[in-house]
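The letters A, B and C name the chains in turn, as written, and every chain counts its residues from 1.
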Amino acid sequence: MAEIVQNAPERSDDRTARERMMAALRSRTALGLALLLTLAVFWLLGQQQGATLSEMLSLTVWGVMLGGIIALGAIGLTLVYGVLKFPNFAHGELVTLGAYGALTFAAVLPMGPPMLPFSFGWELVAALILTMPAVSLIALAVDRVLFRPLRKRVASLVLFAMASLAAAFFLRSAIYLVWGSDFLFYYPGRANPAIDFPLDIRVQADQLFVFGLAVVLVILTWFLLERTRMGKAMRATANNPDLAQVRGINTERVIAWTWILGASLAAAGGVMYGLASQLRPEMGFWLLLPMFAAAIVGGLGSPVGAIAGAIIIGVAQQVSSAFLNPAYGPGVAFILLVIVLVLQPQGLFGQGGE
Amino acid sequence: MNGADLARAAFLFLPLVLLGLLVLPGRTALRVPLALIAAAVVALALPLLLPRGVLTYLASFSTMAGIYAILCLGLNSQWGLTGHVNFGIAGFFSIGAFTSALFTTTMPQGALAAYSQQLFGLGWPFMAGILMAGVVAAAAGFLVSIPVLRLRTDFLAIATLGIAEVIRFIFQNERWLANGPQPMRGIPRPFDCVFADPACSWLPAGVARWVAPLAPRDYVFLYLVIVALILAVVFLLLERISRSPWGRLQRAIRDEENSAAMYGKNVTLRRIESFVLGSFIMGVAGAVYAHYVVSIDYSHFNPLFATFIVWVMVMLGGSGNNKGAILGAFAVWGVWSGAAFVIDVLSPALQAISPDLPSRGAYLRWMLVALLLGLIVLFRPQGIIQERKKVSDFISDGRS
Amino acid sequence: MALLEVRGVTAGYGDTEILRNISMEVGEREIVSIIGPNGAGKSTLMKTIFGLLHPREGSVVFDGHDISRLQPYQIVERGMCYVPQVANVFTDLTVSENLEMGAFLAKTNDIAARMERIYEYFPRLKERRNQRAGKMSGGERQMVAMGSALMLDPKLVLMDEPSAGLSPKMVGVIFDQIRKINEAGPAILIVEQNAKLSLEMSDRGYVLASGENRFEGTGKELLNDPEVGRLYLGG
């Protein structure tokens, strides 16, 4: 059923839409291929440096797990980007606050025996559940004090970015003040048994828990966004904030829920990261670049994209440690970020137009 | 007033003249003699009024503030002039510092070589080090700007942040380059033989006699003069550039991105030019820093000290405004330094709250600076001194 | 008292004044058209009524309450919905999700029933209900936009140039639906370029020019008025 279009720049007929879609798909596939190619190159470089197949596989598996942690932060980052339309440079501090918050909560709770085969007791799980709303409150407070007045004034993107930078340093100073600069552990000195898998892959039980929890949280998030009214309202507001207002959606409430969801996921990511490695005040900032990379690689505003991006980044970082100094991890994330920005800034799952 | 005081006053004279020329209003014919007289008066008064420790502190304060002012001018020529949001200042700052260090130090010999590695050490003079620092930083800026400048504002910010982090990693991990993570030491201070005993062989006898009462710890007074001169040169250069047709074109690009895009490729080239210019200046600032602190390592250039605080300074002083950039640098550095005193005074109270707190006092200062930026963004985003013409669209807060 | 009364409204953006002393009204269950040349302020009037813009002078009274200072979502709560001219669907959401968003403020739990009613007006939407709105044609999007606005059973629906960008056949279909919708309930206020078509089905109309009232009358009166015809009914 062909329909003739009259001079309307906003509407398109089927054919042009399809054509545009083809073009987008083409470049998106190209992007995906470029990323896979990069990973393959890393793999080859690693093997060239003498890493065995099982070592490379282990790295890849650990990379997927690191990706899970990054994903928890990246989803929140991409949601905030989609709904509030600015890059939140303070998101890393939400991750750090989650980790340290859980440390404090776990310290006041009665300590139980480790839940084998994991290294932690029930108190850490309880602390995780407590730290998520706590960090959400902090995020809401920052929004109320800093970002909401800027929204009312329709301030420029740069001011939002600057404000989030100020919030980032404020929160990080607070973390240093409260907990100090030493490296801390949830369970110093406790054994962390590894489980053997076929192909000589060794994975710590804790790492499996981290990954499992990340999967569970991601599924919950998907459910929230796809099946609840508030979740759909969040997607709607990200898609078209003016129309959301017109439809009667209370955008301030949507924004509040976006912060709650994003901060909770970030906090959980922080606890997972603290469990898998250690707690330090810069830990969130160390993850910030990979999180941004994941969100942009996946396509801003798309949680699915953030997950895909996070896995890619995580694997890239881990696999590259076979031939690079592991400290360069975020640098690797950065290179992937630049590849995406140069080839196809919309990312893998980004929307065609904003 | 003894000989030492007079000597110090003599060193203070030039920076004070430059300060006067910057701040005093009025036509040139009036300002110059006024500045000269006022500077002479103040220069002579200060050693009389202030104890020596305080005077020395003031000199070192001004030196650091001056270094930051150069950094701010560098940022301003990117952000203020063309609207580039560069969150990677630390990267160019560090490149400048390490470059100058590499060019001006000599390769470690003998036993020292076991502890300290560096890529090269040419032992070149100070000014050459400064120049090379600027050139290398500018080259880095050029390389960075090619892929990155086309990006929209938020992507540019993220990308530049990433670049600075990568640069920091490199300096932190690559031993062969600049002894990372260990510090590079022994960066030569220009003219420090002036304060040695006996003074430099090339000093005329009259001058040598006159600086004789000064001790090596008075070196900061000489370095202040050097910083003030470099700052003045950079400032004048930028003022000239900003009034030139090139400068006006940059502002046009900043303010009306869409119509300037009609110029096509030229716009990208112009934007690269301004980014490279800013990088050059940041490199120079890095070099000046390196020769002041004598020993540098990657930790000096973390985003807190070397990117964030510069943005606070530029935002406070007024974006797009060179004079504001300098004043903002002094103001925020004043807040930072003043906070140190306040926190020292409050130390017993802090101790009462928690025994760990006094040692973490530095972070209270960071909180203060972060609060300051928050307040600026909320209440005065255009800064204290507004651009004489139209305020940049980039910092529109919707109210004007 | 009429359902909607605009009394002496002056409004604009920034320093400019677009509307000057506009007065008009819409009675219950009426179809009222606002026509006039480009730049006359028709869209601005609609935005002012809906709270996207606040009047500098005068007032907007809806259902007996002064809504001049209310936010759009508060106005939606009171029973007025708006179909914007452009960007009027959530492109990333499916048809049914779009409709669901239309009922965001619904106090009752009968979203499905409401959606069925909309599907009766626009059967084509029911077929495509799981399709992303962004992939649909202009006419279908217009249906989604209008359907979303109807989900809350509003008393008054504002439509901003519903025929824009549509093929003549589609325009006919849409206007037919508008008539049917009006028969079932809400009053409709239409801003239209296609003045003739719009006036044909309107109970009353207003002609705006340069931000001021020019003519008013019943649809027929305006259609047959030679001066109106000469000036504004060319297309």
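Note that a contact is a pair of C-beta atoms (placed from the backbone, for glycine too) under 8 Å apart; a residue touches a chain by one contact, two chains touch by 3 or more.
Note that this is a predicted model, so its numbers are computed, not measured.
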item: Minimum number of chain-to-chain contact steps, chain B to chain C; value: 2
item: Chain separated most widely from chain B, comparing mean CA positions; value: C
item: Gap in Å, rounded to a whole number, between the CA centres of chain C and chain B; value: 59
item: Whole-Å gap between the CA centroids of chain A and chain B; value: 35
item: Distance from the mean Cα position of chain C to that of chain A, given in whole angstrom; value: 41
item: Footprint of chain A on chain B - complex, ascending; value: 85, 87, 147-148, 151-155, 157-159, 161-163, 165-166, 169, 172-173, 303-304, 308, 311, 315, 356-357, 360, 363-364, 366-367, 369-371, 373-374, 377-378, 381, 393-399
item: Residues of chain A that touch chain C when the two form their complex; value: 3-8, 10-14, 17, 21, 229, 232-233, 235-236, 238-240, 242-250, 351-352
item: Chain A-facing residues of chain C, complex; value: 50, 52, 71-73, 76-77, 82, 84, 86-93, 97, 100-102, 104-105, 134-135, 137-139, 141, 148, 152, 164-170
item: Residue ranges of chain A touching chain B (in the complex, touch as defined); value: 86-87, 89, 145-146, 149-150, 153-159, 161-163, 165-167, 169-170, 172-174, 176-177, 180-181, 285, 289, 292-293, 296, 325, 327-328, 330-331, 333-334, 337-338, 341-342, 345
